[in-house]
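Next come two complexes built around subunit A: one with subunit B, the other with subunit C.
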Partner chain A sequence: MDLVPLFVIVPLLAAFLCLLAKGVLPNLATWITLAATAALLALAVLAGLPGESHALAVGGWGVRVEAGVRFVAGIVLVLDGLSRLFLVMVALVSAAVAVYGVQYLASFSGRPLFHVLFNLLIAGMNGAVLAGDLFNLFVFVEVAGIASYALVAFGTEAEELEAAFKYLVLGSVASTAILLAVGVVYAASGVLNMADVHARIAAGAVSRPLLGFAAALFLTGFGLKAALMPFHAWLPDAHPSAPAPISAMLSGLLIKTLGVYAIVRIFGTVIPEDGRIPVVLLVLGSLSMVLGVLLALGQDDLKRLLAYHSISQMGFVFVALGANTWLGVAAGLFHAFNHALFKSALFLCSGALERIAGTRRLSGMGGLVQRAPATSVATIGAALSISGVPPFNGFWSKLLIILALIRAGHPGVAVIAAAVAVMALISFVKVQRKALFGPLPGHLAAAREVPAAMVAPILVLVALCLVTGLLWPWGVDSFIGSAAAAVKVAADSSSSAADYLHMVLGR
Partner chain B sequence: MEPLLLPVLIPGVTGLLALALPGRLRRLQQALGLLGTLGALVAAAALLDVRAAFFREWLRLGPLNLDFALRADGFSSWAVAFVGLMGFLVVLYSVGWFRAAERERGPYYPCLLLATAGAAGAVLADNLLLLVLFWELVSLTLFLLAATGRASGAPAAAKAFVIVGCGDMALLLAVVLCGVLHADAGLERPLAASTLAAHPIGTGDGLGMLVFLLFLAAAAAKAGAIPLHSWIPTLARETQPPVMAFLPGALDKVLGIYLMARVSLEWLSPSHALRFVTMLIGSVTILAAVFMAMQQHDLRRLLAFHAVSQVGYMLLGIGTGSLVGVMGGIFHMLNNAIYKACLFLCAGVVEREAGTMELDRLGGLHRNLPVTFGCMLVAALSISGVPPLNGFVSKWMVYQGCVVAGQPMFLIVALFGSVLTLASFVKVLHSVFWGARPRALAAVNERGLALRVPLLVLAALCVVFGVFATVPLDQAIGPAVGLEPPATGAGSVVLEGRLAAWAAAPAERAAPAASFAVFQPLSATALLALGVLVGLLLAYFGRMKVRTVRSVFIGGEPIDPEVNRFPGTEFYRTVGELPGLGRVLAQGEKGTFDLYQVLERLPLLRRLHTGWLTDYLFWCFLGLTVLLGVFFWT
Partner chain C sequence: MMYLLALLLLFIGLYGLLVKRSLVKKILGLLIVEHAVNLFLILVGYRSDGLPPILLPGEDAGEFVRASVDPLPQALVLTSIVIGLGLVMLMVALSLRIHERHGTLDCSKLNRLKG
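And now, the complex of A and B:
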């Protein structure tokens, strides 16, 4: 039996069950979510990691041949190296977040609804990553998006509602742009399946201005989802306002599955090579990198600081993709994967620190390493990862990004990336200095470590950062490499869309 | 077990072991620290005459190779031994230095061990990316030591990590650029040091120049040359003295100058202009830092500014590009690590026993702390370049290098800097050990063998490396620049080396032959000793009164000597009152030239983020419009 649909079915079913459990046993929802994320993790290990790349025609509506033209009649789910990477990422982070959430959410009311939305979020992300056609991609992006709007507002305080409203409006703009782009492509080519669309465009079915129009809309829509400058403005409000586990999901996963994945898929597989896209990605990526980190430098609110760093780190991912080589794509995807690990760990840490110190402001913290050693170790580890200090994973992906940029003939961007990496280091050293080290202020004398059930998942994520950094020559590299090979042929960096077409459409 | 791995593995493994142990087991931590560094020292000492390589293929990053490759050659074999020695001495000192009032906090011994392992690995590494990894390990341990050591150390630790991190990033960028340049040229294993040595990158074009400048920035940040020096004085006040002696005092200098020497001699071929830049940075560092040092009232900050100033001599020597200058620069790195570590450790004893580092509150301690005084005297004379101590020999060689390179300006700067250094240390010795002793310090005395042995060893090294300078020059510094030591009985390599350089650079022959006046350390010492002896005899037989003590009266009342104390902090106040220079120095003290502080004041873009949804929507549509424009018009 093909396990691939379970990646969507399990969280959807869990969401439904959580809703049913709401009236019966409020705590049941927590266990359902834990079981669902555990099942997803097992699925990712069983089916995700070793799975053959293949396309699954849902309901048996496979490839048809009419008038000598092969096309896909129904919905397909496609598992290839790229989607596998994102499935594993989602499974790892959401499992850690689910465990963390048990303790964190204990004092929240309306927990079953939280779990419904949480599971829908996972279902949307997994579905978007597996979708084989443009419209399903849009649908799943919307599922995840709507769940996330509601989750940002979950605290229902003024700040949360304002942030959620902004996020909702800008997210709708993104969805409109995406839907319009899908419509344009569909109108011009008459098909929605990604492989079909590629074949039609390659055959010249879509005129160049129309294709450019669609490309600009796709970039705007998914750029908004990925918080690429200048489409980033919702993120610094939305990510800090959500409860910490959701911040971790949004910053760690959502901007990647809805943003990076979609952009890589659309411009790597669906739309044939276009020399303008890498340039646009390089420019916008550099802009995000530099401005994001400059904005982060001045922040005092820990979660806001982390949110601005997400923009900056996504800039790294996009400049690497803009290098437009196999190495660049691999470096970018690796950085996206690493960022998922350490940024979700950092957001979970921020939640724990907020619990410990009673504030999110760095100026209100200090000396916490004495009172909360485990959380502090986790924070230091995650901060060293994002600052790119060896042997943590962030070092390797930043090294690869710089290498890929120099190799692709953009030494200037590489220098910018290195400078931004230094500024990220400055910012995170500041976080450690202000929150963890130094003298313990009087009002924190009674501060206590958070329960082990909250620290343990963070420590696991940080350990994963370390393990990814240490072990990446042994296994991680081929995992990332095969993800990049779904976009670029490793040997000569030409597009590997032909393999995708072959996989979906057959001979 | 491969012998080359041992100097890295032994401290590395013991360090990780110590990290896993709880910090409460203090004695066990200390024992592990001593064992690990002693093991590293012994393993490295066994390598002294070994010329060997260890190679294990590790991984490929696109075109680059990251191999686990170590090599012991004429440079790295003694450098790693020196790292081991410093590690052992500092751990030994730490065992004696910490006590109930201030215990080791945080992962102290693990960090010392890992720093030893990192420095050993960095000098042994035969692959540039491997070098980067070990290099960053040292930076990380420095940060952790400073951040966890004292509660007030966090801001200084952050500053140090940021500046050193800038250097690390520059190094990474330079290494990747080197690798890509070589890979594009079709070379196998583009990052093996041997590949780089066989195909040095020219610095004629912009890219080569960028690579050199990035390497220079990395070395300057690590070693602490202006303008990337400011973390050392800041750190000095907030870190325990053994940490200061170990990392900024010794290992960071070794690493930075080791890198600079390798870059200038082997991996790149720096043009005249770039060598001039190096020398310029060197001489600016010498002068500016020594002026700052003269103004300090805190012993630790004063020593820290001297630690910066001395880096200038090393850069100046290496920048000359002449054999004698380069050898002098490298030798000065070695000597500086010895006397600077000794000075920091002596200062640590003073801090531990007297409880203060403020020069106005110290004085007259030479009877209370005799061993410390003796060692500090030797080290201070050595850093001031007084013959026959080691600092003189290496400075002398740097001076000669300036002459050979035809740069009289730099020679004058170097000489002037040396004079000011001496002046500054006269102030130190006066304020701490001579002059009237404040009453509060009457009960001060020195305790513990573990504290004194490292001081004595380092001070002895200062003397030995000065009097028998030809031994390290022949056995270590010569091999470092590619002159293997002569068979026993043959003439000194130093002389031959100079002549070889002379022959190799005909353009430099115009330099006056007098500049090659060979310094014979042994006979010079004999002459100096004779002179001192004659002086003493004259004093003795001439019944000269060396010192008379008279009581001072005002209105018939004897004055309390405490009131009449003349602390050394007043010595060079006039320098700070000079019209132009004084203002510059005052600004320097305020941190105007501190890049880190300048960076912290960066104007930010927060105003743009108004929080208005309409503004944000406007940006999105602006972005869409620009994108549409791009896709329609190109």
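And now, the complex of A and C:
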């Protein structure tokens, strides 16, 4: 049996069951979510890690030949190196977040509804990563999007509602742009399947101006979802306003599956080789890197600071993609993977620190290492990862990005990236000095460590950061390299979608 | 020509969604935006004097494809209407809660978030 549809079916079913469990037992939904995320983790190991890349025609509506033209009649789900990387990322982070959520959400009313939305979010992200045609990509992006708008507003406090509304408005503009782009691609090529679109474009059957228009719309739409710099305004409001587990999901996963993955897929597989896109990514990525970290330096609110760092770190990923070589794409995807691990760990830490100190403001914290040693160790580990201190994973991916930029002939951008990495380090040293070290303020003398069930998943994520940092040379080829090979040929960095086309169209 | 009208409608909707300060007008803006995009999708598959896209038994498939309206965009629009409905409902629900908490629907008075 093919395991690929289960990546979408399991969380969708879990969401449905959580809704049913709402009236029966208040804690049943929590267990359902734990079971679903554990199942996804097992699936990611079973089908994801060693699995063959293949395409699955849903309902058997696969390739047809009519009048000598091969085309895909139905919906296909495609599991290739790129999807595999993101599926593993989603499974790892959402499992850690689900465990953390058990304790964190214990005091929230409406927990079952939270779990419904949480599972829908996972289903949407997994579906978007597996979708083999443009319209399905749009639908799954919307499933994840709508779940995330509702989750940002989950606390229904005044600030959260305001942030959610802002996020919803900009998110709907993004989806409008994406849907319009899908329409333009269909008008220009007459097909929606990604491999089909590529084949038509390669055959010269698609008008170039219309294609350029569609590319610009895709970049706007997914750029908004990824919070690339001119489109970033919603992120510093939305990510901090959500409950901590959701901040971790949004910053750790959502901006990557809906942003990075979609941009790599669209401009790697669907619309081949347009010289202007990498330049745009380089410029906007540099802008995000620099302005994100500068705005983060001045923040006093811990979660807001982390949100600005997300923008800055996404800038690293996009300049790496903009290098437009195999090494660049591999480094960018590696950094996206690492960022998923340490940024979700940091947001979970921020939730724990908020519980311990009773505030999110750095000026209200201090000396917490004396009162909460485990959380402090986790925070320090994750902060070292994001600021790129060896041997943590953040160091290696940033180093690879800088190397890729130099080898692709963009030394200026490489210098900017190195400078931003130093500024990120400064910013996190500041966080540690203010929150964890120094004298313990009087009002925190009775502060208590959070329960072990909350610290343990963060420590696991931090341990994963360390393990990735130490063992990455052994995973590069099989995991990161094959993800990058989905769009670029490793040897000469020319554009490659041949395997993908072969998988889907069976030529 | 019709494409330009759909585009015009899109820009009117975007203006309402992004520039207007009242949350109700933003919701109306979103509705107009959705209609504009749906209209655009329908136009992509439209053909004047086209047949309804239902293949009857005994009809020649090649002839049918040449004469009928393209059904695929219509299927897309059905899905996108449902998604749009979800978005609008969520927006209305949020607006109601915002009115409850802030006592206003004017988004220029919603300024708790800064920095």
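Annotations
In this text, the second predicted complex is superposed on the first by the 505 of 507 C-alpha atoms of A that agree within 3 Å, B and C clash if a C-alpha of one lies under 4 Å from a C-alpha of the other, contacts with A are read in each partner's own complex, and residues count from 1 in each chain.
By definition in this document, a contact is a pair of C-beta atoms (placed from the backbone, for glycine too) under 8 Å apart; a residue touches a chain by one contact, two chains touch by 3 or more.
Quantities reported herein were computed from a predicted structural model and do not represent experimental measurements.
Once chain A of one complex is fitted onto chain A of the other, the partner contacts of A:236 extend to both subunit B and subunit C.
In the superposition on chain A, contact of A:168 is made with subunit C only, not with subunit B.
Contacts of A:186 after superposition: subunit C is touched, whereas subunit B is not reached. Of the two partner chains placed around the shared chain by superposition, subunit B is the only one that A:418 touches, whereas subunit C remains out of contact. In the superposed model, A:20 lies in contact with neither subunit B nor subunit C.
By the touch criterion defined above, A:367 lies against subunit B but remains apart from subunit C after alignment on the C-alpha atoms of chain A.
Ranking subunit B and subunit C by residues of subunit A touched puts B first. In the superposition on chain A, A:42 makes contact with neither subunit B nor subunit C.
Common to the subunit B and subunit C contact sets on subunit A are residues 165-166, 169, 173, 236-237, 298.
Those residues of subunit C lying in contact with subunit A across their complex are 10, 14, 17-18, 23, 26, 30, 33-34, 37, 40-41, 44, 62, 72-73, 76, 79-80, 83, 86-87, 90-91, 94-95, 97-98, 101-102, 107, 110, 112-113, 115. In the complex of the two chains, the subunit A residues touching subunit C come out as 67, 135, 139, 142, 146, 149-150, 153, 156-159, 161-166, 168-169, 172-173, 175-176, 179-180, 182-183, 186-187, 192, 236-237, 241, 298-299, 301, 304.
Within the complex formed with subunit B, the subunit A residues making contact are 165-166, 169-170, 173, 177, 209, 212-213, 215-217, 219-220, 223-224, 230-231, 233-234, 236-237, 276, 280, 291, 294-295, 297-298, 327, 367, 369, 384, 387-391, 395, 399-400, 402-404, 406-407, 411, 414-415, 418-419, 421-422, 425-426, 429-430, 432-434, 437-439, 473, 477.
Remark: subunit B residues 58-59, 61-64, 129, 132-133, 136-137, 139-140, 143, 147-148, 151-155, 157-158, 161-162, 165-166, 169-170, 172-173, 176-177, 179-180, 183, 207, 210, 599, 602, 604-606, 609, 611, 613, 615-617, 619-620, 622-624, 627-628, 630-632, 634 touch subunit A in the complex.
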